[in-house]
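Going in written order, the chains are labelled A, B and C, and every chain counts its residues from 1.
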Amino acid sequence: MAFFADLLVNGLMIGAMYALIALGFVLIYKATSVINFAQGDLVMFGGYIAAAMVSLYGLPLAVAVPVLLACMVLLGFALERGILRPLVGHSVVSVIMVTIGLAQILQGSAAMIWGAATLNMPLPIPSQPLVLGEIFVSYTNIAAAAIAAAFLVAFAYFFRLSRMGIAMRAVANDQQAAMAAGINVRLVFAISWAIAGLTAGIGGVMWGNMLGVDTNLALVGLKVFPVVILGGLDSIAGAVLGGLIVGAVESVAAGYIDPYVGGGTKDFVPYVLMILVLMVRPHGIFGRETIERV
Amino acid sequence: MIGRESGVYKTSYEADMALYPLPIARYAALASLACLALLPLALDSHAMALVNLMALAAIGAIGLNILVGYTGQVSLGHGAFMMVGSYTAAILSARYDVPFWLGIPAGGAMAAAVGAFFGIPSLRIKGLYLAIATLAAQFIIEWIINHWTWIGGGAQSTIYVPTPSFFGWQIDSESARWYMILPFAVLAYVAALNLVRTRIGRAFIAVRDRDIAAEIIGVNIFRYKLLAFAISSFYAGVAGALWTYYLKIANYEHFTLLTSIQYLAMIIIGGLGSVLGSVLGAVFITLLPIVLVYVVEGAARLAGYEYASVANFLANLRLIIFGGLIILSLAIEPEGLYRLWGNVKRYFRQWPFSY
Amino acid sequence: MRFKLWLMGVAAVAAAAIVNPAWAQAIKIGGQCDRTGPTRLIGVELCPGIADYIRLVNKKGGVSGHKLEYTEVEAGYAVDRSVEAYERLKRDGAVTTLDYGTPIVYALTPRHMSDKIPAITPGFGRADSIDGRVWPYIFPMAASYWSQAGAAMQYIKDKGGRKGTKIAYLYFDNPAGREGIPVVEAVAEKEGYQLRHFAVPSPGLEMGPQVIDITRRFKADWVVAHLFGRAPSVSIKELRKSGFPLDRVVSFVWGAGEADAKAAGWADAQGYLGMQFASVGRNLPVIQEIIKMHQDEGKAVPEYVGGVYYNRGVLIAAILAEGVRLAIQNHGLPVTGEKVRRGYEAIKNFDLQGFLPPMTVTPEDHEGGGWVKIYQVKGTEWVPVTEWFRGYREEVMGLVDRANKKH
């Protein structure tokens, strides 16, 4: 029983971190209808910037984090302006492929600038586990989950109460109407990419601390798809719930099924779950069903 | 090619709809075929190895283009279907002594069945969702082959295949392998060209452009989507099986997600929706890392650096150029290399009266 | 008169020596070395090691007077690119190659056998190629995975392993990772250990559930880890987060570098054990010579010189050079692949001035003994905690025989 609890708790915490990445993805999709296959690579890039500042250049964390956030916001703006704007109106295939191309560019640039070694992203968090009765929890996971939760709550308030947040929701709902109401759609696009970059940066720091920063870190971005399919492509609450569910399910499944099948369950159970969801309820738990007209 | 349409006179519908209606086009096609067949006489082993790699890539790319370019279904699982074909052929040849010219179609058929199975979600979902479902297919198939030892051949997930032989002639050199690959490549090319001229091909294009409207006028889109998946996976399976016979080994690590992305890049850069474009794209992507190495190495040597210091730069430059080309070709020239080729042809067609 | 004759004789000899320089025809060798791909953490230090040693050899006059021309090709751990790379090396006349990466070794083995060009696969590759009678052209020199597994189990036994000890084998879920399983299982059965496997999918991004299983449910006493690339650092961090003592973790050779400990954070990696097949550090005559070479050229000595992976690169290059040297010595010019193969098989008591225990290669033992030494992370470096040893050699050779009977 303690084993199950261990797996569940750790899985939920990892799930919160998945939710953080998924948040950026959902933001971009909600506002601009772009499927960002490069979300994982943005996380990696953010991790690299932070790890390079702390590990290679020796800057203190208090300096590195604000610089990181500023860089990621700028990167988001730049990507939206440089790459996505020329491709407005192209087909789904094109946009998907563009983000895949972007992913390769980010990976290549990161490795070129900062070298091939895996960088350490140290955080002032003790590395021994915290023992709660029978359950071992690591401080890193707790910190990551806490930060992720804080951001999610902050964004929830942002979208509900702030002017820009409401404007973004309006654009996501109906672009034409929003334009007609006088909302600056271009600004909304830019800001949504910037915020996605920001969340990717924070994700990069947390994931980088857990897994070490190198170009493989971009692979966490692949987990985002089961999360958003489960939760609904355009729902932030869905991203949170989906993240938690995927994290918990994959952790528990891996713990129990791995010994019988020789491993690897963690990577493919979320996808099986995703296919089931796709067959039964393709738009996810909280997603909106889109009606297509001829 | 450099053809003049004047003076060509048709008397039947079949003649008009032939694949190469102009006599000069027919002669040019036959001449190219002859050149390809005689290639080993002109090239050495290393160059032939490159040509073989390009041909293998081309077969796979043509298959993917049928699915993505003609039917509009994005698939990220192409590598997995190649894997299925590869292991099928390996199992048949290593355990049951099936010769390669049976093993390859068998690999294709198995891959087609698997592909059709993973195309079933397309009944309910489309576009992005289908792309993600194929991504899941990539991971699931990889996992199954890696862990199901009857298929995977034991702990190593590697199956050795004896040297393929054609009625006693051992296929052991690069030129011999070229003659093994060439018939399949030509068949794949011609079959694809013909496919898009038939009813099925038109149905595919209808599904891509306006699937709901197509359904209304009576095209059974589910059936045609499944067919597209099956045909595309058949091509992938054939390509994968050929890989097995080329390397004499089947190993799932040859067909990862990166492979699937590479094939997508091939057809995008080459031109979505065109068979020649797939071939051009395959040639381009296969040669890109090699050409890049030569160019950068040469430049580095001129500037006085040793290979060692530019190696890191070089490897990552390849990734950046790869991604950049995808984006550029989508932004600037969505029809890819095929369009470039068409421009060149058109220039010569009208030469010297190009204005 | 006689003096003049004598003078003319000396002048003639001197003229011959000057006009006919020692740079006779260069001998081409090739190597695939990945600075990109999943193993790039290793490659960026290993490949310079090879290049530097070859440069040193050439500076000292080459191999028996012949310059060694080493071509490095990059294949990013991808099989199709490595096939192309091998064909290119072959076309350019390489007489022996370094194959890099276990799946690449499997894929290229048929070609090496039919082209009669020997390949060395130091510390990885296919362990059944130890038997050179079945695989004449593949040389897993310096501790194949099976020998490493045997040595790890020997260390556990020496540190108090007995019936009922729980051992967790943590490995990559791919052919390279699974190479260690047969030996680990055989020894566990012999000694009555409780063994369980824990697979981590490549590239080893997350291993939370596996580590939780190891530490909380299975409650392992020892962990034998066969990971490489970026995974070892993740495993170190995860094991530490779960409270598992790192001095009960023995890693195979490719998870035991400075880069791995650094990526995990030296402070967090204290006590982590790793196997080496080449000595570590700058205190070796050969490394000192290389450092001097760098200084003579006016270049700064890179930080990784003397490190774990760099030294292995030096060893690899030394083996290549030694094989060529023995080929020329025993069989004369021109050098061919077949002669180099016999050159490798003639390697006797080769230890590169203290780099490794004396290695002797025979047609039955293409591995050269399978010696390893265990090092541990202390402070910010790896320090040795054992002497050179090997473990369970009978089990390993028995498995080699059984594996090759199938062919």
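In this section, a contact is a pair of C-beta atoms (placed from the backbone, for glycine too) under 8 Å apart; a residue touches a chain by one contact, two chains touch by 3 or more.
This one's a predicted model, so the numbers in the text were calculated from it and none came from an experiment.
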item: Between B-C and A-C, the pair with more C-beta contacts; value: A-C
item: Farthest-lying chain, centroid of Cα atoms versus that of subunit B; value: C
item: Subunit A and subunit B, separation of their C-alpha mean positions in angstrom; value: 33
item: Centroid spacing, where centroids are CA-atom means, of subunit A and subunit C in whole angstrom; value: 39
item: Length of the line joining the C-alpha centres of subunit B and subunit C, rounded to whole Å; value: 37
item: For subunit B, residues that touch 2 or more chains besides their own; value: 146, 312, 315-316
item: Contacts with 2+ other chains: residues of subunit A; value: 111, 115-116, 262-264, 267
item: Per-residue overlap in subunit C, given as positions that touch at least 2 other chains; value: 35-36, 40, 44, 173
item: Residue ranges of subunit A in contact with subunit B within the complex; value: 35, 83, 86-87, 90-94, 96-98, 100-109, 111-112, 115-116, 222, 225, 229, 233, 261-264, 267-268, 271-272, 274-275, 278-279, 282, 292-294
item: Contact set on subunit A toward subunit C in their complex; value: 2-3, 6-7, 10-11, 14, 111, 115-120, 122, 127-129, 136, 138-141, 210-212, 214, 216-217, 219-220, 250-251, 254-255, 258-259, 262-264, 266-267
item: Subunit A-facing residues of subunit B, complex; value: 68, 72, 74, 121, 124-125, 127-129, 131-133, 135-136, 139-140, 143, 146-147, 210, 212-213, 216, 257, 261, 264-265, 268, 272, 312-313, 315-320, 322-327, 330-331, 334
item: Complex interface listing, subunit B residues touching subunit C; value: 44-46, 49-50, 53, 146, 155-158, 160, 163, 172, 174, 247-249, 251, 253-254, 289-290, 293, 306-308, 311-312, 314-316
item: Residues of subunit C that touch subunit B when the two form their complex; value: 35-36, 40, 44, 47-48, 51, 72, 74, 76, 78-81, 83-84, 87-88, 90-91, 103, 106-107, 110, 114, 173-175, 178-179, 181-182
